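Note that the chains take the letters A, B, C and D in the order they are written out, and that residue 1 is the start of every chain.
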Amino acid sequence: MPNRGITSGASLAQLRAEVLEANLELVRRGLVLFTFGNASGILREEGLVVIKPSGVPYEKMTSEDLVVTDLDGKIVEGDLRPSSDLATHLVLYKAFSEIGGVVHTHSEYATAWAQARREIPCFGTTHADYFHGPVPVTKPLTPKEIRSDYEVNTGHAIVRRFAKLDPLHMPGVLVAGHAPFCWGATPTEAAHAAVVVEEIAALATITITANPKARAISKHLHDKHFLRKHGSTAYYGQKK
Amino acid sequence: MPNRGITSGASLAQLRAEVLEANLELVRRGLVLFTFGNASGILREEGLVVIKPSGVPYEKMTSEDLVVTDLDGKIVEGDLRPSSDLATHLVLYKAFSEIGGVVHTHSEYATAWAQARREIPCFGTTHADYFHGPVPVTKPLTPKEIRSDYEVNTGHAIVRRFAKLDPLHMPGVLVAGHAPFCWGATPTEAAHAAVVVEEIAALATITITANPKARAISKHLHDKHFLRKHGSTAYYGQKK
Amino acid sequence: MPNRGITSGASLAQLRAEVLEANLELVRRGLVLFTFGNASGILREEGLVVIKPSGVPYEKMTSEDLVVTDLDGKIVEGDLRPSSDLATHLVLYKAFSEIGGVVHTHSEYATAWAQARREIPCFGTTHADYFHGPVPVTKPLTPKEIRSDYEVNTGHAIVRRFAKLDPLHMPGVLVAGHAPFCWGATPTEAAHAAVVVEEIAALATITITANPKARAISKHLHDKHFLRKHGSTAYYGQKK
Amino acid sequence: MPNRGITSGASLAQLRAEVLEANLELVRRGLVLFTFGNASGILREEGLVVIKPSGVPYEKMTSEDLVVTDLDGKIVEGDLRPSSDLATHLVLYKAFSEIGGVVHTHSEYATAWAQARREIPCFGTTHADYFHGPVPVTKPLTPKEIRSDYEVNTGHAIVRRFAKLDPLHMPGVLVAGHAPFCWGATPTEAAHAAVVVEEIAALATITITANPKARAISKHLHDKHFLRKHGSTAYYGQKK
C-alpha cells in the first residue's frame, strides 16, 4: 500500500478530501451500484467524523457535500443527511480505537458470502496477506435489535464478533444477511480493505467451484504471508 | 433514487425524452444485447403509451423513432412498428394503475433465474431494500395461450401472479422460461428496477454457490430494510 | 438483425470489407483472445472464399491482409497463410449451400460447453429466438480422423451432426472438446450467431447453477419464439 | 504469437523495456490487482536479471524503477527493493536453462485452482494449444520450508514438480495455496503464458459447472493441437 492515507494529524479539509477520494475509489473499483455504499474517516483528537451523505450520486458528489458529525452523530457541518449507516460507523470508531476509516459496500462476492452467512476460509496467500484468519461473519440480530436502533445494533454485532480479534489484523467483517464493513488506519486503507475483501470472496467462490472439498492453507503458510506484509519483520514493499 | 422521473403531468415530448433515456440506461448498464429489451412510459390522463420501436439498434435511436400508441395498441404517432412486446406492456398498464413505466430485458442473471423457473429468495438486505418478498415467477402459459395472443397472455400471466401482491412493493417479475419484466411509478424507476433485479439475481447466484443451503433473511430484517426506503417512515436518502 | 450483410451479389471488395468487419465484431464482443478465432465469407457464383490470415493480430489487420481462396483452398489472392481452420470452413460451404459466412471462436461459455460435450438445452426464449432446438454437439473424431486432414474431418463431423438439421434454423454447433463454429446467410449474420451462442451458453450456465434440475421450455413456446423471428409469419423487427 | 520478444542477444536497455512492457501487459489483461504480480527477464550471457520493484504501483512504474540483480539476487542496478518473489524467479532461471522470462500473478481463475490444489485437466484444444498435459500443481511446502527461505523453497517445489516435465512444453504451474507462476523463452512469452493459464482456468471452471463429469480430451487430439503450434511440423501462424 504505497499511499496509506494522511489522516493522522490531518486537518478537516484534508480528511474531507481523503474521504471523498475513498468514496470515489469504491466506484472506480466497481464495488458500488447507484448510491449503495459509504466511506467515512475520523479526526481522533477533534472527535469529528466525515461521512458520505445519504442517497447522493457519486458522480455529483463534492467534498462540500460530505457531512461532519461528532461521535454522537450530531451534525457539525453540512446541509445534507448523513448516510443512514452512520450509526454503525460510530459504534466501530468508539470500539476500535486504532482505526481511522470505515467503508461499507454491497460488493457482489463479499455480499453474497454475507448472505450465505458463511465465513470465508483462508484458501490461499492472497487472503493471508491481509486477514490473519477467516473473514468473520456476525451473528444475526434479534427481532428486538432490528426493531429499534437497527444501525447501532449492527455495529454492536460486529464489535461482539471481534471480542477476541484484532481489528487491524482483520480489517473487515461480513454482516450476516447484509454485506461487508471494512476498516483501516485511514479511509484510504479502509477502501483498500473493501477491494481486498471482494477479491478474497471472488477467489473463494471459484475455489469451491473447482474443488468443493477445498481446505484452508496451513497455519504456517498463513502466518508467513501475513507477517511478510505486517508487523516488525515485514519485508514486502519499499522501506517507509 | 435521486431522480425518480418526471412523467406525472408531463407533456408527450417530456415522456418521449424520458422513455428514450430509460432505453439507453438499459444499454449503459449492460442489460441488453443487440436490440433485445424495451422500455415504455404512459401518460395516464391522455391514455398514451410511448414505447421503443421493434428491432432498431439503440445507438441510432432518437426520441422521434419512439412509437406512441393508445391503450389498445393503435399507433397514434410514429412510422415504425412498436416493440413486439407492446401488448404485454399494455396489459400491465391496464391492470396496475399505479405504474408509469415498464421495462423488459434479457439481462443475464435475471433471465437465467426466469429460465430456472425459481423465485429469488430474499437472501439479504440489498433485495429487501427493493422487493417486499421473493422475486416472483409466473406460471408457464398453456399451449393455447402461446398459440394466439401470446404477448397479451404473457401480460395476463403476470397479472395473475400479482393477484395478492402490490406492484409498487414488488417492482418486477420473472416470466417463466423467458426473462424479467419490471416497472415503477415512472420509466426512470422501471429502468432502475431492472438494474436492481439483475443485481439481486447475481447476488443470489453467488450466494447459493457459496452455500447451497442458504436461507432467506428473517421477516423482521426484511421489513426493516424495505421500510427504511419506502412508506411514511422512510429515512434513507435526502428529504423530498 | 437490422443489417443482415450484403454478400449476395456483392463484389469481392465488398466481401473483403464485410469479412474484415465480421472479424472485428468478434473482438468488440469479447469473443476472441489474441489471434484465436476467424471469420470468412463466400461469393457463391465466383466460388471464392475470403478468410482471415493465420495468427495475425486483429488490431493490425486490414482488408488487404485477408486471404482469398477457391473452394479447394487454393490461394487466389493474398501473401499470407490463411487461417489454419480454412479447411473446416470449406467443408461447411460445400455442404451447406444456403450459408454465406462462417465464424469460429473460442468464446468462453460456448467453448466450455463444447469442452463439457453437453448440448445446450433450450432453457428459454432467448435461445428459442435463434435456435430451433438444442445447440448440438459433434461426436469426437477418431484417432485416424485426428491424425490426417484434421481440419477437413472437423468439418465432416459437423456435417454429419447436421444430417437431419437445417443449418439456417440452427446457426451453429459445438465441436466436442474444441469450441463453436457458427454461420449464417452472410458473414455479418455468422458473427451475430457467434455472439448469440455465447450468450445462450452463459445463460444456460447460470440457469443450471440456479436450478440443477432446470428443464427445457415446451415445444409450443420454442416454436412460437422461433417463428416470431423467422419464416413467412415473422413479426419481429421492421418490415424489410 | 506474432511478437515473441527480443531478449536473446538483447542489451540491458532492451530487456528493461521488454520487462516493463510484460509487467504492463499483466495490468492491461486484468491479471493483477494493486501491486500484486511481477514479471522478470534474464540476459543469460551476462547473468543479469531485470525484475519489477516490490509494492510499486504499475501506473507510475518506468523502466528506470526496475531492479537489476545477478543470479544470486545481489542488486547490480536500482534504488528500490526488488519484488519479494525475486528468489523464486532466480531458482527457476537456474533450473530451467531454456527460459528467458518469468511472470507471477494472482489472476482470479488460475489462483482459485491453485487454492483448490487441483491440476487443470486438458478439457479442450485451447488448453492443448499451449500445455502438453494438465496444468500441474506443486506439493505444499513443509513448515520448515515455509519458515526459512520461503521464496527459495517455493522455487524448489516448482522445480521438483517439473522433474519429468519440459518447461517450454508446459509454460506454467499452480503453486498450491498460492497462485500461478508462468514462463517462456522471453518475458513477452511469459506474460502471454500468464494470460493463457488464466483463460484455461476460466474455461475449466465453466466446463465442470456445465458437466461435473467432464473428461479430458484424448491424447490424440491433445498431441495434434499442441504440435500444430509447436515443434518442427507446426503450421499455425505465418512462417517465421
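Convention: a contact is a pair of C-beta atoms (placed from the backbone, for glycine too) under 8 Å apart; a residue touches a chain by one contact, two chains touch by 3 or more.
Predicted model, so just to flag it, every value in this text is computed and none were measured.
Student: Walk from chain B over to chain D along touching chains and report the minimum step count.
Tutor: Counted as steps through touching chains, the separation is 2.
Student: Can you give the rotation angle that fits chain A onto its twin chain D by Cα atoms, in degrees and rounded to the nearest 5?
Tutor: Fitting chain A to chain D on C-alpha atoms yields 90 degrees.
Student: Taking all residue numbers at the chain B to chain C contact, is the shared part over half or under half, that is, same or different?
Tutor: Counting which numbers both chains contribute, under half are shared, so the two copies meet through different residues.
Student: Go ahead and note the Å separation of the Cα centroids belonging to chain A and chain B.
Tutor: The mean C-alpha positions of chain A and chain B differ by 33 Å.
Student: Could you state the distance in Å from the CA-based centre of chain A to that of chain C?
Tutor: Distance between chain centres, rounded to whole Å: 47 Å.
Student: Would you please write down the residue numbers of chain A that are in contact with two or more other chains?
Tutor: Touching at least two other chains: 204-205, 208-209.
Student: Name, in rising order, each residue of chain A that touches chain B in their complex.
Tutor: 33-36, 53-57, 80-81, 84, 106, 108-109, 111-118, 140-141, 143, 146-147, 150, 177-179, 204-205, 208-209
Student: Quick one: in the complex, what on chain A touches chain D?
Tutor: Chain A reaches chain D through residues 1-2, 123-126, 192, 195, 199, 202-211, 214, 217-218, 220-221, 224, 228, 235-239.
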